[in-house]
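When the chains are written out, they are named A, B, C, D, E and F in that same order, and each has its own residue count from 1.
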Amino acid sequence: MSRAFYIGRFQPYHYGHQSVLERIAETADEIIIGIGSAQLSHEVNNPFTAGERVLMITRALAHLDRPYYVIPIQDIQRNALWVAHVRSMAPPFDRVYSSNPLVVRLFAEVGMAVESPAMYERETHCGTAIRELMLNGEPWESRVPPAVVSVIREIGGVERLQQIAGSD
Amino acid sequence: MSRAFYIGRFQPYHYGHQSVLERIAETADEIIIGIGSAQLSHEVNNPFTAGERVLMITRALAHLDRPYYVIPIQDIQRNALWVAHVRSMAPPFDRVYSSNPLVVRLFAEVGMAVESPAMYERETHCGTAIRELMLNGEPWESRVPPAVVSVIREIGGVERLQQIAGSD
Amino acid sequence: MSRAFYIGRFQPYHYGHQSVLERIAETADEIIIGIGSAQLSHEVNNPFTAGERVLMITRALAHLDRPYYVIPIQDIQRNALWVAHVRSMAPPFDRVYSSNPLVVRLFAEVGMAVESPAMYERETHCGTAIRELMLNGEPWESRVPPAVVSVIREIGGVERLQQIAGSD
Amino acid sequence: MSRAFYIGRFQPYHYGHQSVLERIAETADEIIIGIGSAQLSHEVNNPFTAGERVLMITRALAHLDRPYYVIPIQDIQRNALWVAHVRSMAPPFDRVYSSNPLVVRLFAEVGMAVESPAMYERETHCGTAIRELMLNGEPWESRVPPAVVSVIREIGGVERLQQIAGSD
Amino acid sequence: MSRAFYIGRFQPYHYGHQSVLERIAETADEIIIGIGSAQLSHEVNNPFTAGERVLMITRALAHLDRPYYVIPIQDIQRNALWVAHVRSMAPPFDRVYSSNPLVVRLFAEVGMAVESPAMYERETHCGTAIRELMLNGEPWESRVPPAVVSVIREIGGVERLQQIAGSD
Amino acid sequence: MSRAFYIGRFQPYHYGHQSVLERIAETADEIIIGIGSAQLSHEVNNPFTAGERVLMITRALAHLDRPYYVIPIQDIQRNALWVAHVRSMAPPFDRVYSSNPLVVRLFAEVGMAVESPAMYERETHCGTAIRELMLNGEPWESRVPPAVVSVIREIGGVERLQQIAGSD
């Protein structure tokens, strides 16, 4: 059995993440989704809590026909310990997917290859773009699965983001 | 929709936890299972990592017909902040189940009632008893679901416990 | 009885803070003054220790005819826990005054309204301006109460700021 | 001018502390009262939050004719840094009063003598005794100033202590 | 080239440690000596600072004809991360010597065998015995190398231990 | 006997550091070399672990005819406690060498003069320049002692730096 690990901040979870996860699901038996910087929230670049992000991901993946685990991962500010930290918080895994150069390097130094196809690269930019749209009061809903739109509306996510940015 | 929160250390997950969760599943639409002291492992009282405990719980509950979330919760050593900590890591919930007097009090002080029927009370003792059996090389397997037996065997859990206890 | 909470970094305490506090004193029975980022000192933007700031505020408010509490509040780097943190460190309060958008939002999410009249808004800029004057060796004394001038002189505050900025 | 530093956990503040502080007030111009282990609360040995302890002390000392400062001091778990920590959180002081052997030693190693007359020694035991009375539902009110009785009643302190102890 | 890692708390460094290190020096080209619980000091079981322990070890090993490194290692309270922590603080090593069951297990789980001959086992007891002698004012000097006696005298180590223990 | 303290981040150790240390060795009996920000690694500005930096320094100074200590110093994010932190981790010292304005100020506030001749000032810039050369694939080897070149090659340091910077 193969278990894949995929990490992101998911601020918010969007179609870019979704398509990556659907692709991973084609070859892995189980998927672990790590929520990075889990301790951050109520910041312009990190508006949502770990719990809210758990909810977004779980609902958006309700249709996935692979078992998956959604694990909040708090930062530890010690790059040399990060892989051990992730491994202690997640079930054992044998594959890692990421386009983040630091994540790629840190796993490489413990002998684990990381798959990072070019198609993953635009994800992070996408999160920034969605938060930008929210801040400007422009339509963002088409960028994320409908289940994520519901979660963000329930928690007043757009209002939160606008308010902490000092705009309205 | 009602979402229930239930917390334990699950060192290891056993039939006591299982029966509580099955009971909660009768009335709640969704269940959040918080893994307490998630940062601890490789101790006589806390032998398993958070990731290993996630695996035990998820496999043992594969048959449950309710959506559930398994969330590692690290200790913060600040009782007055603990409820806010739990809420930031878990999806929103409106019910709490626990027989731990501190958990009951902390939620009560923010206005949330906690259900703690007498039947829950023996759980913690049970975890201690199972670790005791493992340490003494006595049979423990009947106390936990078969899926948990598999996980503990895969990770060499009994050997780990015996070794860190300085016995063999 | 009503108790008001007002938070600032007070690097240093100046007439902007003073006028806000005098205004609050008109309607509140008691005032709690939280010293934010209490753990920071000896930085260009945070030159003074929490203890030095306690001294500035207490001396400058010696004439106030309302009981007040001066409470150092260390950062916790977890926005979702910040309100619980403040509440655990301060006596109970029922009003909050702040013009910081994040503070306003965090209290709003636990159901507490924050008063933040436009007049408060220039405060933070003012602190920056005073540190700028100190760094450039220009007169800053008229911006702060005389008691604050004394404290800063006693501790060699201007020399400290100039030295850590690498200028002289 | 002389400023004295006195530290305790004040769980709760009682007549033993009061008489020590009144004695210190006879010779010092100002007094700093450090609330030790400020981050702890809701424990059998540390039931009250820092904010609640600030309130107890301030109200009980309303009659004191000396300026005083009440400063929550969080533990840092690094004995070698503790004096520097205290000094950064409190206004400058030139006298220390304590009967705690570790406090005496730590200040001694930076060259500050600590006054610790035999009369102070029973204080800590006294706190334990009061919590014991509360737990057993016996009368404790005569051991603390009336203002402290009021605070503890307002916050439901006895109920909290009994509940977290698992008794009722 | 082979580099060996040996860890202890060295409270204080004594002949038990010395003989182990001399034995290791017979087969390893270089030795790394990790000072465990480096952040602790001024406690009955951990009286000496990391810096004082560095001094004891370095002076006592002045005659050793092998290059060695003395590295303070702070606790991280996360067993699952401890090996990664040690590796990030120390030069690369390929052998580990310890009789501590937890250390043995943690290295074993990352695939590194630990050598722990029976002769090492009495070390920790020995540290306790020496501190006991110091506390009781009995002769302890013969248990440690002369260089360690000098360091402990210079820093007033016995007085410190007696004072923090509340005895004299 | 005089013992000097010198601190740097040593990312990497280079000839600028070497010449300063050789100069210090002319007047001090022993030298303590503190490795600052010891917990950082795998960052563009802090590519090397503390252990790797220990190795660089120790090998490059093999010829030095003065005893020296190489001590990793983790950041504590509390400037007011930093001197106490350094002192607890290092053997006692009576001289400090640094050109960092904050270090100079922090030691000055506890009454220790810091020597910081103009010649030291270019050091930090030099580290940045070397990392820049590594990133651009240009020759950097002449800027550091041969022993440091060996260490960086053994650990694949240049590849690490290029990879985490997202370039290749």
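Convention: contacts are C-beta pairs under 8 Å (C-beta built on N, C-alpha and C of every residue); 3 or more make two chains touch, one makes a residue touch a chain.
This is a predicted model, so every value here is computed, not measured.
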Graph distance between chain B and chain F, where chains that touch are linked: 2
Farthest chain relative to chain C (centres taken as mean CA coordinates): E
Interface sides of chain C and chain F: same vs different residues, half threshold: different
Centroid comparison with chain D (C-alpha atoms), farthest chain: A
Which of E-F and D-E has more C-beta contact pairs: E-F
Centre-of-Cα separation between chain F and chain D, whole angstrom: 43
Gap in Å, rounded to a whole number, between the CA centres of chain D and chain B: 37
Length of the line joining the C-alpha centres of chain A and chain B, rounded to whole Å: 25
Junction residues of chain D, two or more chains touched: 39, 41, 49, 78, 80, 87-88
Touch-based graph of the chains, sorted into line, ring, star, complete or other: other
All pairs of touching chains, each written as two labels joined by a dash: A-B, A-C, A-E, A-F, B-C, B-D, B-E, C-D, C-F, D-E, D-F, E-F
Contact footprint of chain E on chain B as seen in their complex: 39-43, 49, 160, 163-166
For the chain A and chain E complex, residues of the former touching the latter: 76, 78, 80-81, 83-85, 87-88
Residues on chain D engaged by chain C in the complex (per definition of touch): 38-39, 41, 49-52, 54-55, 58, 67, 69-72, 74, 87-92, 155
Residues of chain A defined as touching chain F within the complex: 77-80, 101-102, 104-106, 108-109
